[in-house]
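Input: structures, listed below.
After this come two complexes, each holding chain A, first together with chain B and then together with chain C.
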Partner chain A sequence: MTEIIQKVKNLSIGFKSKKGEEILILRNITTNIKKGETVGIVGESGSGKSTLALAMMGYVKHGLYTIGGECEFNSSNLLKMKNRDLEKIRGRKIAMIPQNAGQALTPNLKIGYQIDEALQLHSDLKEEEREQKISELLNKVRLPSPETIALRYPHELSGGQQQRVAVAMALAGTPDLLLLDEPTTGLDVTTQAHVLELLNFIAKDTGTSMVYVSHDLGAIAQVSDRIIVMYSGEIVLEGPSRDILKKPIHPYTYGLLKSIPKLSLAGLPQSMPGSQPQPGTMHRGCSFFDRCDFSEEKCKNNSPQLEYLKELNTSVRCFNHKSLMNDSHVNQTVNKIKTSFLDKEILNLSEVSISYAKQKILDQVLNRISDDNPTVKDININIKKGETIALVGESGSGKSTILKSIAGLLRTKEGIIKFDQDRNLSSDLKERDPNDLRIIQLIFQNPDESLNPNHTVEEIIAQPLKLYFGLKGEELKKNIIDLLEKVRLGEFYTSRYPRQLSGGEKQRVAVARAFAAKPDIILCDEVTSALDVSVQAAVLNLLQQLKEDFGTTYIFVSHDLAVVRAISDRVAVLYQGRLCEVGPSKDVYKFPSHPYTEVLLGAVLEPDPDIKPKLVAEDIVEEKPPQKGCSFQGRCSRILGDICKNEVPPWQITNNGNSIRCHIPLEELQKDQIN
Partner chain B sequence: MKLDNIYQEEKKSNFAKVSEIIITMASRPSGFIGLSILIFHVILAFISPYIAPYDFKAINPTLMLQAPSAEYWFGTDDLGRDVFTRTILGGRTALTITFFGSLIALLWGGLLGIFCGLVGGKTDDIVMRIVDAFLSIPWILAMLLIVSLLGTSTEVLIPALGFFYGKGIVRVARAATHDVIAKDFIVSARARGHSNFSIIWNEIIPNVRDAILVEGAMRWSWMLLGFSSLSFLGFGVSPPTPDWGLMISNARGLMSFAYWSVIAPIVGLSSLIIGINLTADAFAKALGIDRSTKAPV
Partner chain C sequence: MLFLIIKRILLGLITLFIVSLITFVGTEILPGDACTTYLERQAFGEQLEACYRRLGLNVPAYERYVSWAVNAIQGDFGYSLSGEMPIKEVLGPRIKNSLVLASAAIFIGIPIALILGIVTALWRDKLPDVAISTVTIFAMTIPEFISATLLILIIAIWLEWLPGIVIVPTDVSFLELLPNIILPVIAIAMIMTAHMARMVRSSVIQVMASEYVQMAILKGVPYWKMVFKHVLPNALLPAINVVALTIAWLLGGVVVTEVVFNYPGLGRLVIESISNRDLPTVQALAIILASIYVSINLLADLMTLMLNPRLKTLQIRK
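Showing the complex of A and B:
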């Protein structure tokens, strides 16, 4: 039997409410981490997964306290240890890799110095040895030319490189246990796949145990041997990762897996109704009772115990796991989306370029922008009425910039944006008339920021109604309630403040506000990326329903290719502010023809241990688009030579109606990919 | 849908919100002390004309510099006037002038700061440089200049003090506006085409109000000290009006043998300043607590 290095026994952590009640964040957690294994902890936000990971290094967040139980590491209870003793363990025996490495590194110290500090604290090496160890560590995390990286400051590195440095620092003390709290959440898809691959390699190479906390089942599937699924502070399912992902025997995990959009399936995944109970609101019965499809009368009053099933080596907290065991196989059913767009063009972008460059005085006087290498260039897209077009690309690809220009928040440098073939929208906000502003509405990524915290839901939705239609009194109230019902929220929401709503409810209010203006086009900027997966599916379904009811056109920006696959009719792939490929989404996903599309699709993580990401290109990040030639030349693995560096590639059109911008002839592009 | 009822709060009336804040303030010892002192002074300012035992300007040479006694609680000053009477009346002018002065400071400082924060660009640059230029002038010199040109009437003192103490509020309001201006709800309002006025009124003010009010309360205590300094220098209210600054100035030469004539106004002035300061602190904390109680997501 393998050695157990961390034992969590009956751990409960909570806080005291204002009324003096004890509210539990973690409830009676018992689990073991074995030597050399990687354990993934998954759950939606608020499930207590980060609290558990922090407790594993003897840390309890300010305001929380341990109510009972212990975290045993090397047969001593971390939660009862003095700080002085904990210092000896943290970093040397247990190391942590934070979510945002950019914030975890000190901005004014060089990388080499910061790693050296970690080495001084956690190892007994002498100065010369340490210097060698630094390059060794940087080499291990596969950073190019360690000597130069060591002399750089954190801001001179990309997000992926920063995360690698954080890994190197954590490895400095050769820990037995590595805790990773959402280590890849803020990274681009391609970078994320590379970092996960590195973590996998390190786990095998050093034999370190890892605890990997994430909300992303796709990432968890790639790294972990065992998975712990948490729900409202409890472990609901624990077992070998393959079994859990392929045959989940807990209804929550089953529902969670069903609500994740997959690349292989077009159409919207089914959503799980309801939301996780708030801490302190649980009384009796199973915490998942409200949302469960398999619930029975007894689930209401009796809470199930975690039951160990020997034949599956799995622990499950459900009365009905047996019936699930027999017929569960995640048969994902999707709601096919109706493609119902008309043949009429509604928005026309031609030769649009946008620049962030600061105007020189002469340019200000002449009211022009002179910048020969603008952030966004040569955008030609015709959008049909009722269509959902998605703009995809990594961060810095200019997708949000294009949205801002359409909304009028940013002036275009060149080119024309036309609405309905005759109205020119190239001007910015001040020059547009109110009706032109009404027809285009925005929904933002983070509803916490897009809703004024000091307004009630009623006031929020009333704003566009008052502004565009001048509604008052009874009529205004009636319209607000109508809109709330359309987004499946009841009348009683009117008097609430955003802080009293859950993430999904907030986003619904934002959707209602956008529809209040009766717009023709809605710009969706990463609308689901701040939401939990089960909520994401519900919001996507709602957006689709509203679109079918109102015939609205969506311009959908996302970095998540599976979400885009689920909702969009057409996809435009962007790199460095230049279009790479435009086409119907079923064809773009079937024959990924542009080399960049291929890279993006290869890096998508699916919640399936059998589907490994394909890492085609390097994950280097370019800061500026190249002056001339193809925008993707710097990272392309199929670069032809000088032609790619000097000439802007021509548009090539495939039989399916895909437009691809590449120098490689179509036949060759497709041949290679089919193989 | 069961869960929906748990986090439902009734929309509170403004009265309920204000009383909740006051209760939170009074629940801390420092806030309780500050509020009590402030309320005591305000009540005193209202009722002192009716409870004053003597005439504040009655000069009586036979009663010069009497030590405190049962008849003259705080003794008498060098002109034989009752110090107790003058002390309880002495806060009235200072409190009124600085209260209205702070309101003016809040109004112009807050609105200008918010406006500059919102529009940004050149307007912001120019206005802020002018504010900086004014900040570099010692306020007491400028006040002395204004007072000697325009006199020491209330109509001059209130706007003059309001102007000079509003400059600091401009910076605070602008900084608070910068915090919210980048948020998406402002971008969203701009994209919908709301006017600047509507954005300031509906979107920004509710979010920066607290910060500006706290700053205004702090400025009030500074202004009180400033106003008393003016009186001390002889540029505030004119004799024989009872005023703490003036009383301290008159009696300071007598401190060695008639301490009572100077102690009483000093205690009055400093307790009021401390009271306002503690109240402002508690106010900030009460609002801070209010803002941090978010429902868990």
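Showing the complex of A and C:
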């Protein structure tokens, strides 16, 4: 049997509520981390997964305290250790790779110094040797020109580079155990795939044990040998990663896997009802009882214990796991979406360019924008009434910029945005009349920021109704309640404030507010990115239902290509503010023809250990679109030569109706897909 | 970077120009002028005319503004009415006196404020924090004229440790002057220090809660090294601007305190020249105080720019 390096025994961590009650964040956690293995801890926000990872370093956040149990490392309990002794373990024996490297690197210290600090603390190397070592470490995490990187400040690096620096810093002390707290969340898909590949390489290369904490089953599937699933502070399932992903024997994991949209499946995933209980609200019985499809009477009042099944080498916390055991292949059923769009054009973008360049005084006088290399250029899209078109691309691809222009928050530099064939919407917000404003509504990514915290749900939804339709009194009230019911929130929500709602409920209120204006077009800007997967599925289903009821057109922006696959009829792929490919989703996903689409789709992580991402291009970050030629020339692995550098590629149209912007002949682009 | 500095300096100069214009127009609009004030009841006929000619008040206002401004730039603010001395000569010693007072307050106040702020932040919610915070909040709320009067009452009158008002001429040696200015310096420094300490405290607390400090702890950086390397540089940077504002704000405190302690500085000169309707002097004082204000803020902006790597490179890249 392999050596155990970290033992967590009956660990409970919590805080005291204002009433003096003890509220548990972690409840009686027991698990072991073995030498050389990678353990994935997965759970939704609030499940206690990060608290557990931090406890494994003997760190408990301000305001929380250990109620019982221990974290044993080298046969001493880290949670009882003095700070002076912990300093010798942290960074040397156990190292952390944080979620957001951009925030976790000290802004006033150079990269080189921050790595050197770890070396000074945890090794006996002399100054020249340390310098050598810094270069080695930066090389190992595959950062270009280590010498110059070491002299930079954190903010001068891109997100992917910052994350690599954090990895290098963690490796400086040659730790036995690496804790990774959502290390790739917030990175672009291609960067994420590259960082994961690097982590896999390091795990193999150094034999370090890793604990990988994430909400993303796709990322967990790529790295872990064993998976721990957490739900409201408890371990509900623990076992070998393949078994858990393919045959989950706990209803929560089962539901979670079913609610994740997959690239290979068009249509909306099934959602899990409800949401995870808040800490302190659980009383008796199984914490998953309310949301469980398999629950029985006994689950209501008795909490199941974590039961070890020897034949599966799996621990599970469920009375009914046996019934799931026989029938738990995740045969994903999806709700097929109805494509019911009319052949009538509702919005037309032609030759649209948008620039963020600051206007010089002369330009202001002449009321023009002069910028020969605008952020977004040459956008031509026809949007049909009732369709859902998705704009995809990495950060910096200009997808949100285009939404802002359609909404009127940003004026276009050139080109025309036309609504319903006759109304010109190229103008600024100030120049639009109220009806032009009404027909286009926005739903934002983060409902915490888009809903006024001082307004009740009633006031939030009443605003568009009063503004556009002048409703008052009884009629207003009736309309509000109608809308709330449409988004599956009851009448009793009217008097609540946003802070009293869960993330999913808040986003439903935001959806209701958008629909209150009876718009023709709704712009959805990363609407599910801030939500947990089980809630995301529910919001996607709701959006689809409302669209079918009202015949609304959606312009959907998301970095999550699987979500886009699930909900969109048509997809437009953008790189550096230029269109690469536009076509029906089913064709673009099945036969990604443009080299960039291929890169993008290849990097998507699926919650399946057998599907590995394909890394085609480097994940370099370009700050500006190239002055001339193809926008993707800098990263394209199939670049032809000077023609790509000098000439803007022409549009080519495939048999399926995909439009592709590339110099490579269509036959050749399509031939490669077959191989 | 250079462009930015020049831009800031230009903006400062424009501010000063506007201030000078406002004070000039203000003194023009006020009923009466230097001559009517000076001549009092004899302000009519020949005598008034002669006075106007002597002080150059017989030319149109804009011409007077221009010639005044040109002279002011060269440091010549014209003649003070009371005493008929060049304002330059009146101002000189007064500026020096106020400078002694203000700089003493600043040099004592800033280090104390930093130490108190850092100590309260690091021992947050523990005894040192509770004790110091109570005192600082108390000190913040008492206006100078009350704290100054109380200081005189307790230390000068009851305990008889130090003189209550400044009685020696200010050109005596520093050692002789010292006991006289201790109380005014304390009175000025108190509010300022308390304010700054609160600012530093909240800034340090904010940085202590940041992810990069958590990261430094998890990296195994010893506590004090973490405080000095990771916390303080980042916490004190935003404090620079606050300190500048507090110093500029201290000018007001100097005026009040000087009057209470009968200290011959700029502040008392402001009060004196206003009550004497000595308009040229008021004008000169307004410009000088505005210049101090503008240059302190300019200095703070430049310092932030120099010390913040983020701003520095941003500017270079553009």
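Note that the second predicted complex is superposed on the first by the 675 of 675 C-alpha atoms of A that agree within 3 Å, B and C clash if a C-alpha of one lies under 4 Å from a C-alpha of the other, contacts with A are read in each partner's own complex, and residues count from 1 in each chain.
Definition applied: contacts are C-beta pairs under 8 Å (C-beta built on N, C-alpha and C of every residue); 3 or more make two chains touch, one makes a residue touch a chain.
Because the structure is predicted, anything quoted here is derived from the model rather than measured.
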Partners on chain A (chain B, chain C) - clash or fit: fit
Which of chain B and chain C A:290 touches, first, second, both or neither: first
Partner chain(s) touched by A:469 [first = chain B, second = chain C, both, neither]: neither
Which of chain B and chain C A:104 touches, first, second, both or neither: second
Partner chain in contact with A:409 - chain B first, chain C second, else both or neither: first
Which of chain B and chain C A:550 touches, first, second, both or neither: neither
Contacts of A:451 with chain B and chain C, given as first, second, both or neither: first
A:495 touches, of chain B and chain C: first, second, both or neither? first
Vertex chain A angle, Cα centres of chain C and chain B, expressed to the nearest 10 degrees: 30
In the superposition, chain B vs chain C on chain A residues touched: B
Partner chain(s) touched by A:442 [first = chain B, second = chain C, both, neither]: first
Which of chain B and chain C A:275 touches, first, second, both or neither: first
Minimum C-alpha spacing, chains overlaid - chain B and chain C, in Å: 5
Touching residues on chain C, where the partner in the complex is chain A: 209-223, 229-230, 233-234, 237, 308-310, 313
Complex interface listing, chain B residues touching chain A: 2-4, 6-11, 183-185, 187-194, 198, 202-203, 206-207, 294-297
Chain A to chain C touching residues, read off their complex: 54, 57, 59, 62, 83-84, 86-92, 95-96, 98, 100, 103-109, 117-118, 121-122, 153, 155-156, 166, 169, 173
Chain B partner contacts - residues on chain A that touch it in the complex: 45-46, 274-275, 277-279, 281, 290, 407-409, 429, 432, 434, 437-438, 440-442, 444-446, 449-456, 459, 463-464, 467-468, 490, 492, 495-496, 499-503, 513, 517
